[in-house]
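What follows is a set of structures for review.
Shared between the two complexes below is chain A, which pairs with chain B and chain C, respectively.
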Partner chain A sequence: MGISIGVGTIIVGLLISAVLAYVLTKINKTTGAWVTVLAPFLALAAVFLLRDSIGTTYSLFFLEFELTEYGWFFSMIMLLVFACVSFFNVYWMKKMVHPAAYNMLYLLALTGTLGAFMAKDFIGLFIFWEMIVWSSMFIIPFGKSRKASVVYYAFSALGSLAMLYGIFYLYNAFGSFNIQEVLKLAATDTTAALVAFITIGIAGMVKLGVFPFHLWLPRAHGNAPDTFSPILSGGLVKAGGFAVFLIAVVMPSYEAFATQLQFMGVSITSYIFILFGAVSIVVGTLMAIKQDDFKKLIAYSSVANAGYIIIGLAMTDALSVGGAFMHIFAHALASAAAFLAVAAVSHRTGTTKMSELGGLIHRMPLTYLVYLIAIISMAGIPPMAGFISKWMLFQSMIDNGMVFVATAAFFGSIGSFLYVFRPLSAVFLGQLSPKHYKVKKAPVLMMIPMIILSGLTVLFGIFPNIVLRIVSRIQTSVGMEGLQFDGTKIIGSNGSLDPTLIVVIFGIGFMIALVIFLLHPKSRKVELMDTYTASEFIYTPELLHYSHSFYAPFERLYKNAPDTSKWYKAILKKVSEIGGFVSYAFFSSKPRIVVFWIVIAMVALLWGGSV
Partner chain B sequence: MITIIISILIALGILVFAFLWQTTLSGITRKIVGRYQKRYGPRFYQNFRDIFKALSKRGITHGWVYSFGVIMAVGGIMATVMFLPLFGIVPFPGVDNFFIYVYLFAVGMLGMAMSAVGSGNPLAGIGVMRALTQMVGYEVPFMIVVLAMIYGHGTSSLSELAAIQQTSGFLSWNLVKMPIGTIVGFICLLGMLGKKPFETFIAPAEIASGPMVEYGGKQLGMLMIMHELATFIEISLFVNLFLGGATPIVFGETTVLVGLSSVVGFLLKYSIVYIVSALISNALGRFKIDQVIKYFYKVPIVLAIIQALIVVFLGWGV
Partner chain C sequence: MNPALLIAAPLLAAFIAVIFKKIDKVVLGVVAVGNIAYSIVMAVLFTGATQIAIGGFAPPFGISLVLDSYSLIGILLVNVAFGLILLMGTKLVGRYGIVLAVSLAALNGIVLTGDLFNLFVFIEVAAISAYIMTTMNKQLKHTFNYLILGTLASGLLLFGIAVLYNMFGSLNIIDIASKLAISGVSAGAMVLPIVFIFAGLSVEAKLIPFGGWVRGVLKKSNSLVGPLLVTGYAAAILLVFGRLTSTIFIMSDGLKIALTVVAVATLVLAEFTAFSKKNLREVLLFSSIAQSGLVVALFLNGLTVAAILVLVNNVVSKLVLFALSAKIADDTGTDKISELKGVFTKYRVLGVGFTIAAMSLIGLPMFFGFVAKAQAVMSLFESGNLWLPAVILLVSVIEGIYIIRILTTLWNSGKEGQVPSKDAQKEYKLNGFVKVSIVALVIGVLIVAAGILPITNIKEFLSSDFLSFITRSMGGV
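Our next item is the complex of A and B:
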């Protein structure tokens, strides 16, 4: 037998390629960028081939890895996103301030995610978790803002510290770092389970960007380099889903909290998590509707979608967890594709402000189609993958009778039509501004990953069972009931869904419409400016483009809504006041402070002496 | 394979019936509204004339998305109709789940919105904005009521929800079991149909018919077909969900007679709902779009949540 590829080999390989990317980029920028394209693809192939050796343990120096069903699934999603996005790096080398560092950190972030998903013990998980945080923290300031990185790090530190506390608490209680072992033990001890659930849950919520930890997400996603936003949204954020999955399902929370008050079919602790998910759906949706920046809009939509994921995972029944997994997968593909479409637009026009764009469909038709497919999936409309996951989640919510959570979810689902349509209308449709007359199509290399992602979104919308069968295996591997299928049908609790049939029927409907269209007289092509303007003469395309504050009547209704960033600002103010006092009192060189402390010390000494 | 082909043929039959029935009823309603306004009113087949005239004219196009969107819109709505159960005949048994209608319908709506904004007319953009905003208003309360219904009856299949209501006559209708939900459902139906007072996104005097502003020729004709089919879906959903679907009006032993009378029963309920909504539309003025949202998030959503809580916690109406 030749070289056996294991998890250790993949991790070491990626680390070496990160260094290689750094050195090569110093010599030649493009060559270095190609390393970041090749490495994820090789790793993708390697992890795909490891499918048969699930359950094997690997060791690398002092670290232990174990390939689990869910670790494999998460790793595949992550590698897919990294591999697709990396094509864009080649074009961004000229724009980057530190291309070599970017390429290295890009591969380090990938290594971090793979390591975290495959770690056997909590120490490994924590080390690689920090690797994700640190590498992305240094990449974010390569974009528009340094402050975004600070906000990101502040929230990440909260999550990491919470997780570390949980890990040490569990070690103290059970004397082991082994993830599977400790979590199974924790399930028998309600207090330990609660501590683990909350601490690791917070780490997951911070990474997912669930309310009230969502503030870093739009800042980081909106300001990161255009090539890194899809990684953040499609990939790294999903690591939070992994953390929540560990404590909600692997532990499993429904056994650990069986003695707790049960509310709507789940324990009260899980229900509180679900409520946070519901709030983040509403907040994410409302904020996304308001944004003018294309990237921030998709970032807030990620907040809303994180809400669905956490709700699905915390409900811990077969359909909801299946739905959450499908949602993680579908949203990773869709948001990566949407962000890549933004990157392509930004590459050609130099802006991501929606009110400055318009009519790009006439210049970048394929990018438009990619974005269209991505948003159909994000909004949960058939025949895309996003519909399947939303349907499964709705089934679970209705089954448990969660009226308020479902209200939030329905609002988020219909609200998503609003915010996903806005860029479609403002950026791609409508009038083409004269300053964009010379915009060219997106380069071929950019089209390849976008088409791959769109193709997968459609493919898994038509045949979701390919993914759902893997999800079902994951569920049985952690001791849950798996999803049920019947041919192409997914069996739900109060009805079934046949995605393939939906596509066939939609195809028939489309063909009938096409035949009606083709049978009738051919239309005459007119210019975009040749429209009904109530007999006014308007010659400026920008004036005929409705894009600025698109949902103004709706936005007006919640413009006075409480803003979470104010709470954090208040906390920040208090922290800096305390810090100011500490530095004034203890780290001052002013004579009066020194004299004050001397007097205090003397009084204390005299007091002690007199007793 | 043979069953799927038969199913598709049944579905196509339903599609043709839906178009013929709703277009005729629209014509009749125009006549009724005419009389209501002391006019003579057009002939009952006027809508067929309008559609075929538009289809045969040579229109304009503003680019490929303008036409592609129309095809997508008509295709999406046709697919939704093909999933609908009609008179207890279910083309695709077991998979006629409520969410398919909501979301497959959205494909059609997205197609139309895309095409309208693709025309480059800002009035179309405003119209689409209003339509989407209004959708957030009516769709959420409607879905909450249906949530209560699915929770109560344990199925999300539209035909089964209708069948459950046919077990013990009038008293098993959701109209009786969930009266608050039915009121919410009807208000939301007015919103879906774009009838006044929720006519914001058409508003001919304000934004020149909104999304429809640029259309002519075959695109307009196809959108008119789409409009009739969309109306059919919305009213069928309401009748099946709240009014018991195809319930017979004659009771007895002869199955043929009972079957035929259930067809009549369905069509009768359908006509009443449609004509009443048209009459309400003609008696009221139009809300502004922010008033629409404020209204839906004040009255119907609260009623819908009350109805859902009644079903979930008290178990009434199951």
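Our next item is the complex of A and C:
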């Protein structure tokens, strides 16, 4: 081997393939799209092979990279999501006005995430972090909304500029940009640690979509091109988890804030972060329940799941951090799969509005199965990966005695049953709308990634230790206690879990149910329009679907809840009003008014100067 | 190398053009290119700061020009900006060739002069050429408004200079600075001249509430006058701020705070105003005002290097943004953002140049703007200021929002709530966009190069010889 593969090579390779994708798409759209399929797969293989060289530093021109245990883990998740989603790009080329730009930006977003996870210093982290922001910011308006992109940028900028403030604050205090070094030094200085925790924490919260920074998710995820929503939800938001992990665990916050008031086993600062997570769970769940758009629903569920992740990371004990990592992984798989199922449905029917769909199980059975597995995992039901992570998080919450947070988390879990079953009923179950009689099943190339993601969700639900052993190594690599195992069992603080045993029992239960189902007489299929309408003509057949206004009674309970987006709108309105006033008062076309202000200003300056 | 040529050549060109009216454009072009070449040669051959006496009178008695690294950056910036604007707007020169030549001479003079009264004269000449040029916009009421305020500003500036002359018996900036150091004049005594000079300059530098003329003049300006006022003029005046704050502005704490408040208020309020505007040129002009506020705030805090980087970034990116916006407005008849949906779909190179400049303006990494912003924030931290970086970064969010709003709209056609499609594309027709596109693209490439190379090692770059060179030879004559 002439060239040894390192992080630098991978980054350069991805950058080259981004340009290549642009050029090839200009020549032939499909060829260009295949570059976006191949590049992540090659990068996935390369990063996988780098498993043995963790701890090595690489340099690329001026950038320094360090392959850490956690950086590797995050990169693998990201590459997996990108590699799976990219199959869909092939089908979307014809629908786009800027296909070449899409393909290039898609690969640049991937480069940005890998660079951010493997950067050795904060400048590198920030450069790649912003690369994620601007590459996705240009992709989102290719979808249904231009405003969504502006909202996305506004929140992202708030986060990344907060992080930039933190980075330069730390540089000024400790004279270095090296992430590990600076964070270790910050842990010895409470003020610096607090600044780092809040600024970088805000960056992480914004990316994850934790309350009150969650508003960009439904807008961006809901309106992005169907192929990019799974990337946003399954991939890019997880970068926020990375940022929170840096300040909560790598720093580590439990040492930095050891002198602070301790509350339920964590410092008060961490507890505030945890509370934001808890609010996210509640808000995300309630909002997800009332969405009619399939994509917005999953976006809000990502808000709720971001809450679990930040709670787990901020609690900083072995089980919670392990749970958070498992949750990042499980949710990435599940939300990517769910969004891909949406994309497949949208590809075939042209809509993502649930009220216009229904009964698609008869036309797209495999897509239905993929969605089912994804939502079971999201709701935290065995035997899926999402169950394992939630079990670990619940263990830790109860262990710390966090009553309110645990209540919110349980509420979120129950609520998630409600919101994941809504699309299941509205999109896949019930009767088929006459509009969709001719819908075909999803193309084979779309099925491949969906099946891979579903398969992994089940696999890591049955054998979570494959992932958890890696997580345990991450934990020991950053100097905290690792997770404990006993064969296939995960040892918790007040009990242990044997997922394999659960699956066996679950399997037996499933077999019994199947036998009962097969023994019973078959039900008769009724068409949607096969109904008695007293000679009324039906203009909107969707109204006859049983899931129409599914949770109306429940939604009425909180229909008057405060809307967070109004706060931001009010702030921006004020900004705009001040701007209008400035423009009116100081930039008048009447010179006498300006002269008046000049006199006032000079008097004020003279007075100020003589003080 | 005598920098006086940079002033003399355009003046000579103006006289030639008066006599031979038909070749005025050619003469102007030759002089613009010659000035760029000459300033580059001077930069290459630069050995150390010198004070050049004019007319055989040794300073401080005669008029003198100061050639140090600071003024060198100034003349490079002014001449290159002028040349590029001229290149993009050749067609608009029309009968204004003479005025443009005079303004070029005046801008070089403002940057180079070491004499306060001479500075006043050059500012007057520049302002008068600007009044005449703004008549191109056919908004005579606003030009008149500008004329009145500009005249008031000259009066204030002249009064401030007169007070200084009365105090020190000298008009030479370096001479005054050394006398200040020896005589130990109290900061209290300096309040009066500083406030008057500050107010006089602020009218041209467009600080709130002094620059009330800007909106009327710039919001409908064409792709020649607009960019020139936003870049060349703004750069020259702001560099004067820097020259004076680092030499003769001995400020009491109260005055420093008061002036900083004006500058920071300008930054914040102008960004807010830009956010509230719906037309391209109006957004950009308020954004320029905000950047002026930031530059002045940095100068006042003694952060010359950061101020210059921010200034250069603003000049370079605004040059592209304003010229392209005015060009689009000239050809399509509107610069309302919502009516220009998807204009870049057809003019992609134009769009790429615009986008790079815009991203540099908001300071995204890999673009020069990030280097400038990083330097500003870092040096403010070093000087122990924790609140100003927070203000700068917070208003960058606002700035980012309106810039991204422009970019997403101009790149994508189609109604809100619908996927953009080629059918929904409105037809736009721009005339002679190739030249403009190429200039925009070349500047874009330079912005990216200047954004990537310094971060090769940002830590060392920001404390490097290259940057300390700006301040080292400044005023060290």
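Note that the second predicted complex is superposed on the first by the 548 of 611 C-alpha atoms of A that agree within 3 Å, B and C clash if a C-alpha of one lies under 4 Å from a C-alpha of the other, contacts with A are read in each partner's own complex, and residues count from 1 in each chain.
In this text, contacts are C-beta pairs under 8 Å (C-beta built on N, C-alpha and C of every residue); 3 or more make two chains touch, one makes a residue touch a chain.
Since this is a predicted model, take the numbers as computed values, not measurements.
Legend: residue contacts after superposition of the two complexes on their common chain; A:Pro464 is shown touching neither chain B nor chain C. Contact with chain C, but none with chain B, is seen for A:Leu605 once the two complexes are overlaid on the shared chain.
In the superposition on chain A, contact is made by A:Ser149 with chain C only, not with chain B.
When both complexes are overlaid on chain A, the residue A:Met529 reaches chain B alone and has no touch with chain C. Of the two partner chains placed by the overlay, only chain B lies in contact with A:Phe387; chain C stays clear of it.
In the superposed model, A:Trp597 makes contact with chain C only, not with chain B.
Applying the stated contact rule after C-alpha superposition, one finds that A:Ile508 touches chain B and leaves chain C untouched. Of the residues of chain A, not a single one touches chain B in one of the two structures and chain C in the other. The touching residues of chain A, when paired with chain C in their complex, are 61-62, 95, 97-98, 123, 126-127, 130-131, 133-134, 137-138, 141-147, 149-150, 153-154, 157-158, 161-162, 164-165, 168-169, 171-172, 177, 225, 572, 575-580, 582-583, 585-591, 593-595, 597-598, 600-602, 604-606, 608-611.
Considering their complex, residues 359, 361-362, 365, 368, 372, 376, 379-382, 387, 390-391, 394-395, 397-399, 401, 403-404, 406-407, 410-411, 414-415, 417-418, 421, 424-425, 429-431, 489, 492, 494-498, 501-502, 505-506, 508-514, 516-517, 520-526, 528-534, 544-547, 550-551, 553-554, 556-557 of chain A touch chain B. Within the complex, the chain C residues that touch chain A are 141-142, 144-145, 148-149, 152, 156, 188, 191-192, 194-196, 198-199, 203, 208-216, 251-252, 254-255, 257-259, 261-262, 269-270, 272-277, 286, 345, 359, 362, 364-366, 374, 377-378, 381-382, 386, 389-390, 393-394, 396-398, 400-401, 404-405, 407-409, 411-413, 416-422, 425, 455-459. Those residues of chain B whose C-beta lies close enough to touch chain A in the complex are 8, 11-12, 15, 55-65, 67, 70-79, 82-83, 92, 94-95, 97-100, 103-104, 106-107, 110, 113-114, 117-123, 125-126, 128-130, 132-133, 135-136, 139-140, 143-144, 147-148, 150-151, 154-157, 208, 213-214, 217-219, 221-222, 225, 288-290, 293-294, 301, 305, 308-309, 312.
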